[in-house]
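These are the structures in question, set out in turn.
Heads up, the next two complexes both have chain A, just with different partners, chain B and then chain C.
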Partner chain A sequence: MLCRKEIEDAVETCLVKAGTTFRPDQLRAYRNAISAEKNENAKWVLERILENAKLAGKNTSPLCDDTGIPHVFINMGSSLSLPHDWLSAINDGIIRGLRIMPGRPMAVRGNPIERVEQSRGLYADPGKLSLAPVIVKPGKGGKLKITVLLLGGGPEIRAKTYRVFHQRSIDVVLGEAVRWASSEAKNLGCTPCVPAIGIGRTHVEASALMLEAMKEGSLSRQNRWEKKVTELINATKVGPLGLGGDTTALGTFMKIGPLRASGIRVVSMRPGCCFEPRKAAVVLG
Partner chain B sequence: MSEPIRIKTPLSNGDVEGLKAGDRVLISGVIYTGRDAAHNRLVDLIDRGEELPFDIRGQIIYYVGPTPARPGKSIGSAGPTTSYRMDPFAPKLLERGLKGMIGKGMRSQEVIDAMTRFKAVYMAAVGGAAALIARRIKKSEIIAYEDLGPEAIRRLEVEEFPAIVVNDIWGNDLYVEGVKKYERL
Partner chain C sequence: MITLQTPIDQREIEELKVGDQIEIEGTIYCGRDAVLPKLVRLIENHDLDSIGVNLEGAVIFHTAVSPAGIGPTSSNKVEIEGSIPALSKAGVKIHVGKGALSPKTVEELKRYHSVFAITPPVSALFSDKIVSQRIAAFREEGMEALYQIEVKGFPAIIAIAHGETIFASPRGG
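The block that comes next holds the complex of A and B.
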């Protein structure tokens, strides 16, 4: 059986890694974009993002001042044996990670109405930034895979979950998602973006699929539809930082879930910023 | 690629007249931080005819909410936040002599018009270089609204802080013109 401390330590490590380092697929995608970019200012921006990532990784300092809201995705094997307080161990690992990194203290104080109005200020403790609802899906054998993702505020302003009348065409559905992403990319300020798209039966399911697309996606492994979405967004020429150029999107992550007989598909599109997805995973057991 | 222009704060009208949309700049001197909550309070002070917590004439405000500083460091990661949240407040600060703003994303027409009228520039910092920018911040102290935590107003001493001029005093907008230029390629 896995022990509580093992889980807590792993979550803490994942959170700090997610918030402070680029993965190899991100580094590769940036190097490719720098060689392809024709706009000198755009190239300069991409070089600074890469330089920032190297510095953040070296010093274990946050990639961005908006250290994001922690989300955890669990793949749980069927023969896995867990301590009864495994969920609390995950929560405590998140708190520890936020304090160590440190995360930006963004948690709003007060009762529900005071929190909405932000009238009682913020907690000074980064660990008060509570974990979003945990998503659990089946995994392999006796293994527990924990993925920590940090979701920044800019993409949340620009994300959208809504129904699309599909007309029995994937081009129609993705075309709408591309329209959303393209119109938001120029306002994002942190391009190149990495849009994540979930297509499902309900708003909750589409959002969860969008998160799962971020969890599973790699910029080095793109299917033809993901490539097509990226190409269409790049045709806007919004470019890095919105200054014009070829690299508006570095790649796209897409996940399609079970669907129902209906005239609509629920689509969730989140235009992740230039650091995203900030994620790290560990397999225990 | 042309060399960046080195500028020092506080900025004069002559300084901002010499900056064009698309110029890369390296800023040295003192700059101030503020996000929407702090801007709201600054504009309340102006509306009540009271003094601001710092002399805004010739200054630059950087839209940022940094992460906490680690021991021995002046500041944590400090990248730009989205500027449009400050748009309702910026014209009143520009009218009182603010000469520069640093953030990311487009500004409203009201802010662009105010920059032309009162001679000020808007610069974009790389929204993806928070750790890198932090290295250019040599000193940081909170000077107002400590209760706002990361959103408090800070006085920063910076050396060669990198940014790109997006809106100049002649109404040029790099977000519009840069994209148009590359649409044609």
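The block that comes next holds the complex of A and C.
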């Protein structure tokens, strides 16, 4: 059986790694984009983002001051034995990671109405930033895979979950998601973006699939539809920070779930920022 | 690369063009959604002196300040973009943030001889540019208080100046 401390330590390590380092696929994508980019200001931005990632990794400091809202995705093997308080171990690992990284102290104080109105200020403790609802899916054998993702505020302003009349065409469905992403890219500001798209039966399911697309996606492994979405967004020439150029999106992550008989698909599109997806995973057991 | 020392002179602003890369030396005020409307209310009540802040020739960076560092937030949020005209009128010469601004704000910036600059959210790099920091006002807002930071070589690119904008179709159409 896994022990509580093992889970808590792993979650803490994942959170700090997610918020302070670029993965190899991100490093490769930025190097390729810098080589291909012809707009000098756009190239300058891409170089600064890469330089920032190297410095953040070296110093174990946040890539971005908006350290994001922690999300956890669990793949749980069927023959796994877990301590009864495994969920609280995950929560405690998140709190410890936020205090160590450090996360931005942006949790809002007060009762529900005071929180909406932000009338009682903020907690000074970054550990008060509570974990978003945890998603659990089946995994392999006796293994527990924990993925920690940090979702920044800019893309939340620009994300959209809505129904699309599919007309029995994937081009129609993805075309609508591309329109959403393209119209929001210059308002997002922190491009190049990495759109994540979930297609499901309900708004909750489509959003969960969008998060799963971020969890599973790699900028070095793109299917034909993901490449097509990226090409269409790059055709807008919004570019890094909106400065123009060829690099509006670095790649796209897409996940299609089970679907129902209907004239609509529910599509969730979140145009991740230039550091996203900030994620790290560990397999225990 | 154009180096600008705060407080920034009107003649320096007139020479800036969209796409210019700049480096700022000196004092930058940091504020965002929570504090900028409060600053505007002080200006409207002719009470800015009560917090000892002088905005003549000033730079305002749309950011929180916390142990996680600094980095631009979206300047097109209602409370931030809505503060730009009054702050420009009060003397702010450069607003630094990210994201497209509306045609109305482009006109207001021109009217008050102020510009909008953008900078990537490179918080690890920015930490090397900050010489010192202190809370200037509204401590109760935590990381969203009005901060005053001293910087060396703070990088940005001019995005909106004299009615011109890099965002060819502001608001993304």
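Note that in this section the second predicted complex is superposed on the first by the 285 of 285 C-alpha atoms of A that agree within 3 Å, B and C clash if a C-alpha of one lies under 4 Å from a C-alpha of the other, contacts with A are read in each partner's own complex, and residues count from 1 in each chain.
In this section, a residue touches a chain if its C-beta (ideal position, glycine included) is under 8 Å from a C-beta of that chain, and two chains touch if they have at least 3 such contacts.
Keep in mind it's a predicted model, so treat the numbers as computed, not measured.
After superposition on chain A, the partners chain B and chain C collide with one another. Of the two partner chains placed around the shared chain by superposition, neither chain B nor chain C is touched by A:E156. Touch criterion met: A:T67 reaches chain B and chain C at once. Legend: residue contacts after superposition of the two complexes on their common chain; A:E117 is shown touching neither chain B nor chain C. By the touch criterion defined above, A:L55 lies against chain B and chain C together after alignment on the C-alpha atoms of chain A.
In the superposition on chain A, contact is made by A:K38 with chain B only, not with chain C. When the two complexes are overlaid on their common chain A, residue A:M106 makes contact with chain B and with chain C alike.
By the touch criterion defined above, A:E184 reaches chain C but does not reach chain B. In the overlay built on the shared chain, the residue A:D246 is in contact with chain B alone; chain C does not reach it.
Contacts of chain A with chain B, set against its contacts with chain C after fitting on chain A, overlap at residues 41, 44-45, 48-49, 51-52, 55-56, 59, 61-67, 101-106, 118, 121-122, 124, 126, 154, 157, 186-190, 241-244, 273-275.
On the side of chain A, the complex with chain C involves touching residues 41, 44-45, 48-49, 51-53, 55-56, 59, 61-67, 101-106, 118, 121-124, 126, 153-154, 157, 182-190, 240-244, 273-275. Touching chain A in their complex are the following residues of chain B: 1, 22, 24, 37, 64-68, 70, 76-84, 103-106, 124, 126-132, 134-135, 147-151, 162, 164, 166, 174-175, 177-183, 185.
Looking at the complex, you find that chain C touches chain A at residues 19, 21, 34, 63-64, 66-77, 97-100, 118-128, 140-144, 155, 157, 159, 166-167, 169-173. Every residue of chain A that touches chain B in the complex is listed here, in rising order: 38-41, 43-45, 48-49, 51-52, 55-56, 59, 61-67, 101-106, 118, 121-122, 124, 126, 154, 157, 186-190, 236-239, 241-246, 273-275.
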